[in-house]
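Notes follow once the structure below has been shown.
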């Protein structure tokens, strides 16, 4: 059970990009139901750009990769998800500092910092039917997995599982933040697209890290 | 077998108005297929106005009624059919002069004058897929019926029958005049709305006059 | 039928009432018969340029009433030309000693009704018939080419000449000149729905377009599979260019027109392609107009119009205009 | 999907290319990131009023770039707010010593991206957030009211103030004042289709309308049976009037806006009804704007916006403006 290297982080970003491309239409469909039908398009554009940046400018540390992903998402996604995911990756980058390998605790700390970034920008709380509803339980699960000694892959697996449940549970919620909130009660009965993409990314990160172990 | 009085002509106009109202949707549909979907609307508007004019300002002669119908159609229909039907009634009015009753010969002459008016304005010849394709055989039939001594009702009945056949035969024609001509070959396979309304009016006139006899 | 209307029969009258309310500085509206007149009409010693036709093509024509363009517009029922007495009323409201120029789009109904009005008028009336639609290929075996997008360009340029004080002869000559140098072609992606008909004027499959349409929901010359913007623009532009023909070195005004429901984002995209294709042929675009100016209710589609400019036409085009729809 | 486009991903860039070709006198277009800038920018010692947001609302915002209105517009992808670096580029192109006023429609994405740009800017930047949509009833349990039609009025009036040389404080105060006095509400009869999504953003039955829609193809607050124009106008106007509220004797600007595919004939009809209803309440319409100015691609529908005027706002509204979409 080793740490997570720069190469591993790059591989995770690449896999994340493939996953959002593969699920592009699903995310568009979810966003069409309670939003403006662009979340899949936004995520695909952002992660493609991130991959091409990460591949063209070699980064030395996991933190540097995360930071490059952050600035690329901010300057290529737009919409609500661009600044939110961008800030998440930016805070995660700061949290991991310039170590060359992340252990389980560092991964959990990165997730927690990322979530705090999203909250700072977007002011959403749990139950508002946003990506926070996937991220918050993911952070809790990650911390407890790290606390019981899991490495990056175990921490991410725990986080992903919790995020999936959290995302699924957004279905019954009435949105209070983002575009879906305009629908009022009509927003219930649909999964939040941002929560879904968060769960998707964490699941992919967990898988990639698991394989590399 | 008597002549056709002013009252008879007024009754015919009223019946014509009812007929175009009843067949409004049919005429719109025919015009939608090869035109701009307004012929039924145009005819209904025009004949309603004509009836209300004719009923409000008492005319002394058949010619005066026809003239009032003519000017009302001209000032209330618009489109191609307004000036064409208007001119037809205007010329018919001139043709009958100020007699107080029309015999069969007068009716045939009125139809012939009407047709010449349409031709003068619209320059269409038989085969161009216009109201002329109903009117021209109608005039021929009217003249021969009058020649064999028929009164107004017999003349109109002959005219109406020929007009119906003429209208039906427009189906196979390629339009060379009016809006349908823009369709080129695609105009074939549809009955011309103006020919149909001509047949409809003549049929109604024949019926009313027949009943009044 | 998805429309913001009350009784279908009242659409035109109610719409004109709203137009009068919207533009009190620019125009006034007479009803029965319906005529839209420049607020300051009659303008003494100026030729009155008057146009009209069926409604449903807005802003054509009423949206072009004002300084530097039309003295009056005569709106008929939807897709139905106005009657002669309405045209006569417009003449009466605007004639001011210098005569009237009637701008008539070449449709049987418009021609006949305006012709009757001109015959009955007791003032000096001249008529120009616009027939710029190259989609009508065989104009001897048809009612002749339709008047479409070119009408706006003609109304602007002749309106400018009238505003400047040119006499009726000169205005008429200019109108004929514009008419002889302007060509258009249009395409529909969807059919419009006439309010009194209540259903679309023709049926188009989800992947079809109708090429060579007019502006009245008439079906076009032929139906074809929907293409990319590149393909569509080429199908409109090539026949327009070849008809006049427009040649290398010619200076033109390019008018990219939305038929109503095609949004500006698509229209500008198509305009950019047309500019590039013209540049590739060495035809120089000197002036342009882009927007929904000659429409067919809520039809999706577009048309392209080219006008071969000369110095006088260009200069008149640039003079000030102040109407609801065109203003500079 | 019935659209005049090539690759969906290229729609915005290609459309901007066409826009640049269409209006060489008024604006220039920078790509990567996409920014539309006044032809004569930067204008020394003038506050630069800059706005932007997702594309698909044309002419908003790029069509309002020019003298007397916006110094620059920042068009994002369709229905997606632009990124901070695009906003920064617009600031860089237009700032000329008097600071920048960012006009932001209240959507989470726009607010966050413009906020980031403002934080990173090294010049004096002030922001106004437009939130005029009364359809969002419960603004504490939502992302707050959306910015819709009122945006155009604000951009015009503040653009006029900037053109006149008012400083950033004064322009910002005016923007806040307009924002506090403007209210809007919209209805959709059909849904728009986002090019990259390829199908309509929501499904509406043939006899249904969606009330309280935004401008991004978001479904509205509720669905209702389609009504007559009278009914539709009343459903939009009443909540707008009651929200501020607008009272008897108030002087207002009435803005009747098409969401894209609703044709002018219907829009003027609706406008006339709104004028009458306001008159019945003793609210005095002093200025009006009627047309497709804040759209949602090819959506059929309309919105009504009321701005409570005062002498200064009226006077600024009337000053000259010269942009692709608004010009007097």
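Going by the order they are written in, the chains are A, B, C and D; count residues from 1 in each one.
Definition applied: a residue touches a chain if its C-beta (ideal position, glycine included) is under 8 Å from a C-beta of that chain, and two chains touch if they have at least 3 such contacts.
By chain, UniProt protein names: C, D = Dihydroxyacetone kinase-like protein.
None of these values were measured; they are calculated from a predicted model.
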{"item": "Shared chain contacts [subunit A and subunit D, defined touch]", "value": "none"}
{"item": "Taking each chain's C-alpha mean as its centre, the one farthest from subunit C", "value": "A"}
{"item": "Whole-Å separation of chain centres (CA-atom averages), subunit A against subunit C", "value": "54"}
{"item": "Chain centre separation (subunit A, subunit B; CA means) in Å", "value": "76"}
{"item": "Distance from the mean Cα position of subunit C to that of subunit B, given in whole angstrom", "value": "32"}
{"item": "Subunit A, residues touching no fewer than two other chains", "value": "none"}
{"item": "Sequence positions of subunit C contacting 2 or more other chains", "value": "78"}
{"item": "Chain contact graph, described as a line, ring, star, complete graph or other shape", "value": "line"}
{"item": "Interchain pairs in contact, sorted by label", "value": "A-D, B-C, C-D"}
{"item": "Touching residues (chain side subunit B, partner subunit C) in the complex", "value": "28, 32, 34-38, 41-42, 45, 74-84, 121-122, 175-179, 181-184, 186"}
{"item": "Subunit A partner contacts - residues on subunit D that touch it in the complex", "value": "33, 54, 76-85, 107-109, 112-113, 115-116, 135-138, 141-143, 146, 194, 196-197, 199, 201-202, 214, 216-219, 221-222"}
{"item": "Interfacial residue positions of subunit C with respect to subunit D in the complex", "value": "2-6, 11-12, 14-22, 55-56, 58-59, 63, 78, 189-190, 206, 226, 228-230, 232, 256, 260-273, 275, 285, 288, 290, 292, 295, 297-298, 300, 302, 322, 327-328"}
